[in-house]
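Below you'll find a set of structures to go through.
In what comes next, chain A is part of two complexes: it sits with chain B in the first one and with chain C in the second one.
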Partner chain A sequence: MPELGRAALLVTLGLSAYAVIAGAYAAHLGRRRLARSAQNALVASFVSTAVAAAVLVAALLRNDFSFEYVARTTSRALPTPYTLSAFWGGQEGSLLLWLLILTGFGAAAVSINRAWARDLIVWVVPVLAAVSTFFAFLLVAVASPFVTQAAPADGAGMTPSLQNPYMLAHPPLLYLGYVGLTVPFAFAMGALLSGKLDERWLIATRRWTLFAWAALGIGQLIGSHWAYVEVGWGGYYAWDPVENAALMPWLAATAFLHSVMIQEKRGMLKIWNVLLVVLAFSLALFGTFLTRSGVVNSIHSFTQSSIGPWFLGFIAVVVAVSLGVVLWRLPQLRSPTKLESAISREAAFLYNNLLLLALCLAILWGVVYPMLSEAVRGEAVVLGRSYYDFFLRAFGLPLLLLMGIGPLIAWRRASLKSLATTFRWPTVVALSTGAVLLLLGAGSSIPGLVAYTFSAFVLATIVMEFARGTRARKALGASSWPSAFTSLVSRNRRRYGGYVVHAAIVLFAIGVAGSSAFDSVAEAKLARGQSMRIGDYTLVYRSLSERQAPNATEIRATLGVRRGDRDLGTLEAGKNAYTIEQQVSNEVGIRSDKLTGEDLFVIAEQIDPNGTVYFRVFVKPLVNLIWLAGLVFLLGSVITLWPDRREQRRLVARASTVGLPATR
Partner chain B sequence: MTLALVLAAALAVACVVVVALPFLREPEPESDSLDDLDADERRRLELLEARDRALAALRELEFDHRTGTVSDEDYRSQVGALRRDVASTLQALERDSGEGRPGDGRN
Partner chain C sequence: MLAVFLLYTSIAGGGNPSLAPSELAGRTGTVQLAGVVVGPVRGDAHAGGLRFGLKDIGRDTTTVAVRYTGSVPDLFKVGRHVVVDGELRRGTFVAEPGSMITKCPSKYAPKKSGDSA
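What follows is the complex of A and B.
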């Protein structure tokens, strides 16, 4: 039913365009019924987009190759989960997913807040609708997933590296993050356009921002794990432009989540916060542009298409209009409160913001420089790993340290004497850790040693904060230590959930430092029966086998693994030859040590017809802490996102005092 | 093809009805103006936000002092100003209430 899909998208375009025009007109002239009608149009656009999405899903599941998109991204041999994941595997489908999530989030955000912040919502609707109009237009006029053709006997199949379980979750999570950042942007613009610059836009968008940020963070970690196990070059992050595309809005959103606390607590940084929201959203659009325009030569840009100029034009309009509106409201955004001291929590958060932004902009420059150099000189000059590593160390290490310092300094101002007392124990722990590691030989990488020392400092401050807080709750009357701990976290979920997220970042930093600064590599061409050594490990190449999977021929080299005198069993590494796609992929062998977090990582780089194999082997200390960090990050995010009834009651009471409905 | 077109037409009609619903429900309303906050209500909302911000800051300082995150010296240098902030926002709200609580008659 491609006609139904096309018609549903046309309906979405009409509804979105109506919501923009009618919504803006109603907000400007104060027309109640028209404003409500525009809100209904936004909600209805979700339904029509869902119909279009259902048509595409049905076509994928039925292997209906009369849909050009289905024929291009799937084949009959493709397992069903990957057939479903083809929804976001190609350009048109992923744009449809963008629109589906956007209209869904828009409908939810409007429905949840339309009673509580109705004067704000009337301006939020046209902004949300403008974004969905752009995507609906692309899907109707430029990149339709419902183009039909005479059905071929079979489809072209899916890029082999995408045939991985992680790909079922990684792109949707990134899109939840990208699209989620539209909601704070729309509310910020709504607040600016309406002139209602009180706290409500921050309150209405707090959880949306947290959700989008958490989805982006977890999506990136899943993507890194996918790269680690599937792409098969021995790493998990290559500073690829499309990887950077997801990192940049995450960094901007991280800066916003910190600086928004300063606005909430001290009424400061209103201009900064609005600009960060605009930046995060623009970078989310830029990320989609990078992934989908084919403008960069990347393993992720599976498509070359004509949507690039449209995206660039839209990003330019978004940035220009947003900055224009911010300038227009500048007098209302100025805060009467000033920074009282350079040694205060708000100052520490400000330093954190500057470092995050500097890192974000350095990465942005690294991404756009090859494009600019190609446009100006006709030759793309790519900034390599050393460029990014330099800025990661220059800005990332101070950021790591600030993560321990910031939460322990008092708001407004702190005395040096107080700082000395507060940081005495964390400093002792950090210096002791550094000294021990130096004695153990970690001095071979100074950045790695510094990262470990700072990580120990931050972990010590986090443990200290939880311990002191629990003790204080116990003293305030909690019946037991567990109930004191529970009460501590539940009474201030953002603060203590934030500490859990900080602990995740520390684990991540330790994992990255261990696996990149202290890893080792060995290479050898082995015939059957020959062996190679790396560190304490000895690997013996035993056999080569070939087996047929539904969609690929799998060739595997089996290696016996010993560590010292201990037999650790066998490990398989090899290649998959995908028949339909006519591509070969590396299938790496990984042996994880659960106790130390270390991985033995084997790549069968080249398999000769006579059975000899060229192996590349890595030992990656602590790399599994990176994946553990993902679980801790998820826990911290859930704690911060969990609804806070006390805060809800306070907001309801505040709203009802001025006559707003007592619901959210 | 025909079924697809019928479904598409049904979808379009349903969406038009949903969009037109506010006008169908209230063809001739008493008032069609947006129920916006007036200047008094907005001022009161800002005062309430300032009060909540001051109270939260005082509560946090008290707790941080109790845990030891804020030293006695820093606590003493800040608590007076924060208490004055709370008192002044409460007084401002009281004055505002005395001038007549806005928002009566809202729904």
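What follows is the complex of A and C.
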């Protein structure tokens, strides 16, 4: 069996290498049959990679510990879903997942687009194949998942904190995001290499980018929620390099999704868009590198690994080659249209892009600063939380405000008078919200207050947009209000899906501001029967119990919770001691208020043999809006991603009016 | 311009040098110390302080005595890699309360035999 896996990976490597060489040769000389053969090789490499993946899945399910990888990541006692999740639980397996998704996406993207964009696809194929050649090479020569050994009696098992349903979804979603960004990158390169610099590469990849971006966003939120309920230190994001690794490509992709609209509508920002897509893809590679290389002191990885230098080399090659190609095509990329006014939708989108990029680069700077300072000053300097918080406020708050302004402002040139009419009500709503909150005592955190005020502004603009559009459709003859509303959304999914996503970002901002700017914390060492207070909550430590679960000893402190005069029942917090893995983990107690979105969060930090417990308790207002935002984000993404024939026809028609062979 | 801005903030706006225990001798001011926990581990992190030693990762060096108060991460134990912020005071590294992080046994890091990470 391991031989079959190794052979399948070798075949993938051969097919990918062939697709690079034959594809580039065919594209350069215009050989159609050879180009077709390279495309087929790319599709076939998906099949061979799937065979390799199937071998690994079979080995995991059979507990075949003669596979070194299986022995290292699973054990006999591990429940089946987690055994399957061990596929991406180790370095080799996660590389194989990368390759599997990459070849799958590549095969799909090429098959879908080869009829209507043949002249582009011939160059897309070698680019995609070059990326998969790199991963196939790593899997064959550097980090093979099919290394065998004399089978031990049992495997090493899985880290307890990873034995969690979230870990079934979080890593694969991030991979879908990282790998998904390869598709727009390959199409951008294909457009540059072929010299066909029209908007087709954007049309062909819009949904791929959206999909990758949505998967990255949801994957990160799931990771945050996991950290919040499972890791149990009381937060959901720590600006750790590995967390930043996923945030940076998401920010770059967000900028790209906005700036492509400017290119579609006005033919501007062509160079910028190409550079953004190169940046997003490079950051996706950099993210994969960070999580595995151990270069940066992160909570998540510490051990040095063998693939780090390979990754760094590959990233360097990708950046150098892409920039070279962009420079080479620079004359053709120059845009005939210029920005007409600093107050226009184009300008608002440009500010949005600059802010997103500035935030992204500030984070990147923070991540690489320890390495740079080590190289320059001989001493690694680590930038702390305050560094990131500063830039999140400096760039994030204006971004939040722009989210309300950008979609409503006129194209080309907006008059100040029209602005006053458009934004009168949102401004009134925002200022009165701010004033009321100030009276209620929200002035304790100015950034928090500003975030709330801006959020009210954006929500007001979104509600206004939906109301205005629905009224217009009703006037046009929709039979009822609900049908007017659905026809509004379904006729322009991209726009209204976008508003839904904006609403999600606002909910997210409110949740973050509430839980980080207005939270409170209390700690106390309590003996049984003693109590502590935080805000208007009273907690009484009632009892301590110990029970034996199959893989761990669970110690739990039971607390009675009251808020004012109202009895809210009991809450349990404690620790699990895992037998095989010899690890202890905090099991926090969380009580969510469904109405206000506030959490009472209890950590039993230290349990003494005599039964006294050191508790650390947080009250986090509005924190549940963050998770609600995830659901709204998913809804908005689905609306924008939903196939829309009318829009596709419109885009293809527009592409053909500029004299293109649009045959779809 | 952005680069200048970032450079300025990162130099002026704090950020602590990250050191290994063997580099600590004679240093003043707040630093970040990364090392391997050496026993014995004594004391109470919420009363008087938890006392343990830290030595360089992957090398046998002299051990720096550390006193720590505040939350102790789940993964803290002898042999584990931890990072604390603090400063050297009369031969003992006094950590800032709650500054300790341990390295989570990453699913991506290759595991070496005998290595607890």
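Keep this in mind: the second predicted complex is superposed on the first by the 639 of 664 C-alpha atoms of A that agree within 3 Å, B and C clash if a C-alpha of one lies under 4 Å from a C-alpha of the other, contacts with A are read in each partner's own complex, and residues count from 1 in each chain.
Operating definition for what follows: a contact is a pair of C-beta atoms (placed from the backbone, for glycine too) under 8 Å apart; a residue touches a chain by one contact, two chains touch by 3 or more.
This one's a predicted model, so the numbers in the text were calculated from it and none came from an experiment.
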Just chain B (first), just chain C (second), both, or neither: which does A:Ala410 touch?
first
Could you say whether A:Trp365 touches chain B, chain C, both of them, or neither, answering first, second, both or neither?
second
Of the two partner chains, chain B (first) and chain C (second), which one does A:Leu330 touch, if any: first, second, both, or neither?
neither
For A:Leu162, using the defined touch cut-off, is the partner it touches chain B, chain C, both, or neither? Pick first, second, both or neither.
second
Of the two partner chains, chain B (first) and chain C (second), which one does A:Ser306 touch, if any: first, second, both, or neither?
second
Looking at the overlay, does A:Ala320 come into contact with chain B only (first), chain C only (second), both, or neither?
neither
Contact set on chain A toward chain C in their complex
72-73, 88-91, 94, 156, 159, 161-162, 171, 231-233, 242, 291-292, 294, 297-303, 305-306, 358, 361-362, 365-366, 369-370, 379-384, 386-387, 390, 523, 525, 575, 583-586, 603, 605-606, 614, 616
Under the definition above, what is the set of chain B residues touching chain A in their complex?
1, 3-5, 7-8, 11-12, 14-15, 18-23, 26, 29, 31-37, 41-42, 44-46, 48-50, 52-53, 56-57, 60-61, 63-64, 66-71, 73-74, 77-78, 102-104, 106-107
Contact set on chain C toward chain A in their complex
2, 6, 9-10, 13-19, 32, 34, 44-47, 71-75, 81, 83, 101-112, 115, 117
Chain B-facing residues of chain A, complex
1-4, 7-8, 11, 15, 18, 26-27, 30-37, 40-41, 43-45, 47-48, 51, 118-119, 122, 196, 198-199, 264-267, 408, 410-415, 417-418, 421-422, 465, 468-469, 471-472, 475-476, 650, 654, 657-661
